Amino acid sequence: MLVVMQEGATESQVERVIEKLVIMGFTVHKSTGVTHTVLGGVGPQEDFDPLEFEVLDGVKECHRIVSPYKLANKRFKPNGTEITVRGVRIGGPEVVVMAGPCSIENRDQIEISAEIVAKAGAKGIRGGAFKPRSSPYSFQGLGEEGLKMIRTAADRHGLFVVSEVMDRSQIGLLSEYSEILQVGARNMQNFNLLRELGTIRRPILLKRGIAATIEELLLSAEYIMMGGNYDVILCERGIRTFETATRNTFDVSAIPVLHGLTHLPVAADPSHGVGKRNLVAPMARAAVAAGADVLLMEMHHDPDRALSDGAQSLFPEQFAELMVQLRAIAQAVGRSL
Amino acid sequence: MLVVMQEGATESQVERVIEKLVIMGFTVHKSTGVTHTVLGGVGPQEDFDPLEFEVLDGVKECHRIVSPYKLANKRFKPNGTEITVRGVRIGGPEVVVMAGPCSIENRDQIEISAEIVAKAGAKGIRGGAFKPRSSPYSFQGLGEEGLKMIRTAADRHGLFVVSEVMDRSQIGLLSEYSEILQVGARNMQNFNLLRELGTIRRPILLKRGIAATIEELLLSAEYIMMGGNYDVILCERGIRTFETATRNTFDVSAIPVLHGLTHLPVAADPSHGVGKRNLVAPMARAAVAAGADVLLMEMHHDPDRALSDGAQSLFPEQFAELMVQLRAIAQAVGRSL
Amino acid sequence: MLVVMQEGATESQVERVIEKLVIMGFTVHKSTGVTHTVLGGVGPQEDFDPLEFEVLDGVKECHRIVSPYKLANKRFKPNGTEITVRGVRIGGPEVVVMAGPCSIENRDQIEISAEIVAKAGAKGIRGGAFKPRSSPYSFQGLGEEGLKMIRTAADRHGLFVVSEVMDRSQIGLLSEYSEILQVGARNMQNFNLLRELGTIRRPILLKRGIAATIEELLLSAEYIMMGGNYDVILCERGIRTFETATRNTFDVSAIPVLHGLTHLPVAADPSHGVGKRNLVAPMARAAVAAGADVLLMEMHHDPDRALSDGAQSLFPEQFAELMVQLRAIAQAVGRSL
Amino acid sequence: MLVVMQEGATESQVERVIEKLVIMGFTVHKSTGVTHTVLGGVGPQEDFDPLEFEVLDGVKECHRIVSPYKLANKRFKPNGTEITVRGVRIGGPEVVVMAGPCSIENRDQIEISAEIVAKAGAKGIRGGAFKPRSSPYSFQGLGEEGLKMIRTAADRHGLFVVSEVMDRSQIGLLSEYSEILQVGARNMQNFNLLRELGTIRRPILLKRGIAATIEELLLSAEYIMMGGNYDVILCERGIRTFETATRNTFDVSAIPVLHGLTHLPVAADPSHGVGKRNLVAPMARAAVAAGADVLLMEMHHDPDRALSDGAQSLFPEQFAELMVQLRAIAQAVGRSL
């Protein structure tokens, strides 16, 4: 930890900071420069708020040196994490596609969906059973009935299932029906939920919150991993910015940034990233070109009648065409799909 | 609902939109202009995603006319909502201050805190018992033990208690010990929690998420109110922007904007809004000047040794001084404190 | 134009709005709904601020219907604009690469740069002669001397030159030495400059400001086009968001959004978009995958010694390798490079 | 300057960084910790881009220690800067109000405006003569004719004039007619303009760009001060965020942040900060409560007919009432108005 004192900080101000550092268990090195005194602290504890020091008199700024996440850190596993789900290796040379409708609506819909996505080359099917939405007046999902439907459809077509867990109480149920549990953007910092997910043996697809920094996404992964569950897939799905032409701003650069910081596989969800169907294909291509390990996409056999997220769901033929393009791009970056 | 067609949209594109509107139950009025055709839809349902229409061929844009929230709407109760807690009227002419430490740390700390805040004129004491934090390696709170401590201290000094509920399972416990249940920024869209809070008889202090629009905050209040609990206090506590000089950007203008849109009382939390102690006092003054009904502030008897949020906690003497200034500002805007 | 009245707006409030509309030259259609009255205005003038109406008593919201830009609108030239520069067609089937150093530093540097970029397949060379920077203490550019150097180097290698114009007074000089004049992000709303660029006969590469919406970028293009210069290339180069892991957030989705709104060619500058060398290659690939017509990149023969922007400049070998990948991705999306 | 090496950085990577530091003229101190090596560099030059180091192999992060601005730094003049304009002290105990219309429209309008603002207690009148706007189809200002009108009106009522300079070529003209030259938000980083303003003897009111950090605002002030003109007033006027309920998010906290970093007076412009008349009064009160030295506000004698910015212009009676409230708040924070 580094504390930079202000120009002209008094000796007693410096001593006050040293005292606080020592109380917190740090060994302190003091370096007196022409303009600024810098205090370097080495300690057992790197979990503190730099603002604690920045509000002390005479302090200019404070920098944490050690990354606040350890298990998610690339150094922890420099060769990367591979997660095998139903024989499919996630985080390996192949780009893995998971697709399907936003919500599970009925048996026919999910059967048709499974057929379409499997045929086009996807390895997993997505579909939500619990859909609490921004407006309390919207469709809220089929619950366990829906999960049974998606499981049956997936099995018939050799797909694995990814479905969202909204609450600790649903973990058992979700684990019964799906191979991968998804944590939605709004739950990225639901620490009670994360902690419990650390104790199960199912891979977790963790979505970045719309206002979460990349570091915060990694800290949330750390919460899960601390419990012993190291199979976490990180997922970029758009951040909130001033631009209103798209629902969110899909932060494609998060993909290579994450690859530089962590060993965990990186997914991208262009459907939520942009919110409009005609933008999903170019953004899916961009994500693969930028190095995504996994693509998560919404496809609906009849989007105009979808009960949720119809606007961002691809038509079946769009999806099939897109898969062909993605395959070519995957090859261009040295991968397969 | 208004759908504006693109210049040059074909007749069949217009018909396609009308068909979709009719299926959704809307009565449609078509207005053909020189450049644009506009479709006005009146219907039973105003809960839809405008993007559903914007992705249709030939559509330029779609605007919802009716506000997506009804119970939180100012029209629902034009004279405003007053919530009485332990004899204190929130949302009335008085500006109500709730203050205290971030976390309940031990019996002495909370006793001293209660004494200080009561003496300076605060009506409520705040203090968290459950503290899951961004980093999994941080202090996580005292739980029920802490709640007992704050209850005792509050009673001794005639204060009411406001404390945060993190999870549905804690509602019963929190209701036992505190008059007001706080929903934190990260839970603003935890719809399962909100729905359950709608069924209890305790006022809810609902904090704005750091990436939530004002409309989304009102929709979250609506979730609670739909269950029958109309005692919701909305709380601005900073939004995330590109500026890094402050922890968040405290959106003071949300206070008058909310007063224009809703009948619910509006609170402000300058401590979380800015994150640094020396900025809390000016921002607290700004919030009262802008019309806040409630101020929520962190005060610690020894901030340098606080287990959480020490950097943004006021010293006791700062707090007392600030209360004097706030009183003068309240008077300048026609209120008391 | 559409003005939606509030629920319960009085008749005199409605009349007040109609009166204002009529004064502004609009023909008004009034539609009285169950809850809301909507006023539709058709008029000669679509250049007004919707806020003018939103602040009137009884008004809920106001929407402009007609796009505020006309010449930049896709409808103006549905088949797209192609700009031919030194025999190279920009906006056609080929993806055109322009690369080179941030600043022109000396004769040798620019000669080596031209050789490297030409050999790898770029068609244009970039390099700045005027470099006023955020800090007044930085290197400020070589001026006309630099322009002479880049012109000579470009001619020797069959490249066209793109260079930035910072001020109206430099237009003549820049036009003498470069085929394309670039307007930097900070000047995107320097309307005096834009207006003057509308009167010359050189293509303009217009960069999006870091806080500019896509609509504002198109309005700035309109400023240039109004003067008669229709050869405008729009360039995404990153917007400012809360994320600090990258210098800016490179908004890849702006590329397909722009292709949907305008006939003008769309460029992408991943170097400024992310600010760090190791992220430039993935983002360049993403931009081509998303449909960019032009790529603008910084390449330096010795980035560690670059006088500006070294951190985001590619090494020569990185650049050559990247060009090979970009060619494969261009083919995957039906284009050449 | 501090360079933190990654955990496990090799000795040759460390040496590579030291070499680069030495080339740049830094004296280097190396501190080897258990996990991280930290290099401290002391040098003549603090004007460099930390990213230059962050892209080097083995580097984790780099922090500049010395503030990039010197003349604007609070240490340069710890007692603060007072600027006297026509006998009015700006930056002293008094809160100074400058008000008037957005644009100078005609002689009568500006005469009435001067009378109203002077009577209510404002010391300066504002009004723009050059109005290039986002849309090229809008009213563009009266030019020198307008300046003559505002000068006459100001003199008649004992007010000083503040008016915006858009371009270097206008500096002479503006200096002739107005005491204070305003630099608009869009020109905050027009470095050629700033440099020239550094050579004149007129106070400059420098507005913060809508995407500018507070540090960048101070760097722009530094540009002016480097030329010898130390009379700079910094002005917060709203930043661009995701919230659309207000035109911009008025960053009230910038006021106390700036007071902590610089000796320059701090102004606030709530009119542009929020964009809607009914929010201007609460935000003006908030700005004074937070410590603003100057308030800049738009007032129009007939806002519904204003040629620009009518929506954010106060009615005369609103303005007069507001001034009374502001006076009371100024007193509450120990100032006068």
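Letters are used for the chains, namely A, B, C and D, taken in the order the chains are written, and counting of residues starts over at 1 for each.
Methods note: contacts are C-beta pairs under 8 Å (C-beta built on N, C-alpha and C of every residue); 3 or more make two chains touch, one makes a residue touch a chain.
As the structure is a computational prediction, the values presented were derived from the model and not from experiment.
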{"item": "Greatest separation from subunit B - chain, by CA centre", "value": "C"}
{"item": "A-C against A-D, pair bridged by the larger set of C-beta contacts", "value": "A-C"}
{"item": "Euclidean distance of C-alpha centroids - subunit A vs subunit D, Å", "value": "38"}
{"item": "Chain centre separation in whole Å, for subunit D relative to subunit C (CA means)", "value": "26"}
{"item": "Gap in Å, rounded to a whole number, between the CA centres of subunit C and subunit A", "value": "31"}
{"item": "Contacts with two or more other chains, residues of subunit D listed in rising order", "value": "211, 240-242, 244, 278"}
{"item": "Partner subunit D, residues of subunit B touching it in the complex", "value": "211, 213-215, 239, 241-246, 249-257, 260, 273-274, 278-279, 282-283, 285-291, 325, 328-329, 331-333"}
{"item": "Of subunit C, residues touching subunit D in the complex", "value": "20, 47, 49, 51-52, 54-56, 68, 132-138, 166-168, 186-187, 189-192, 195, 209-211, 216, 219, 222-223, 226, 240, 247, 275-278, 304, 309-312"}
{"item": "Subunit D-facing residues of subunit A, complex", "value": "2, 4, 6-8, 29, 31, 33-36, 38, 40, 42, 60-61, 63, 65-66, 75, 240-242, 244"}
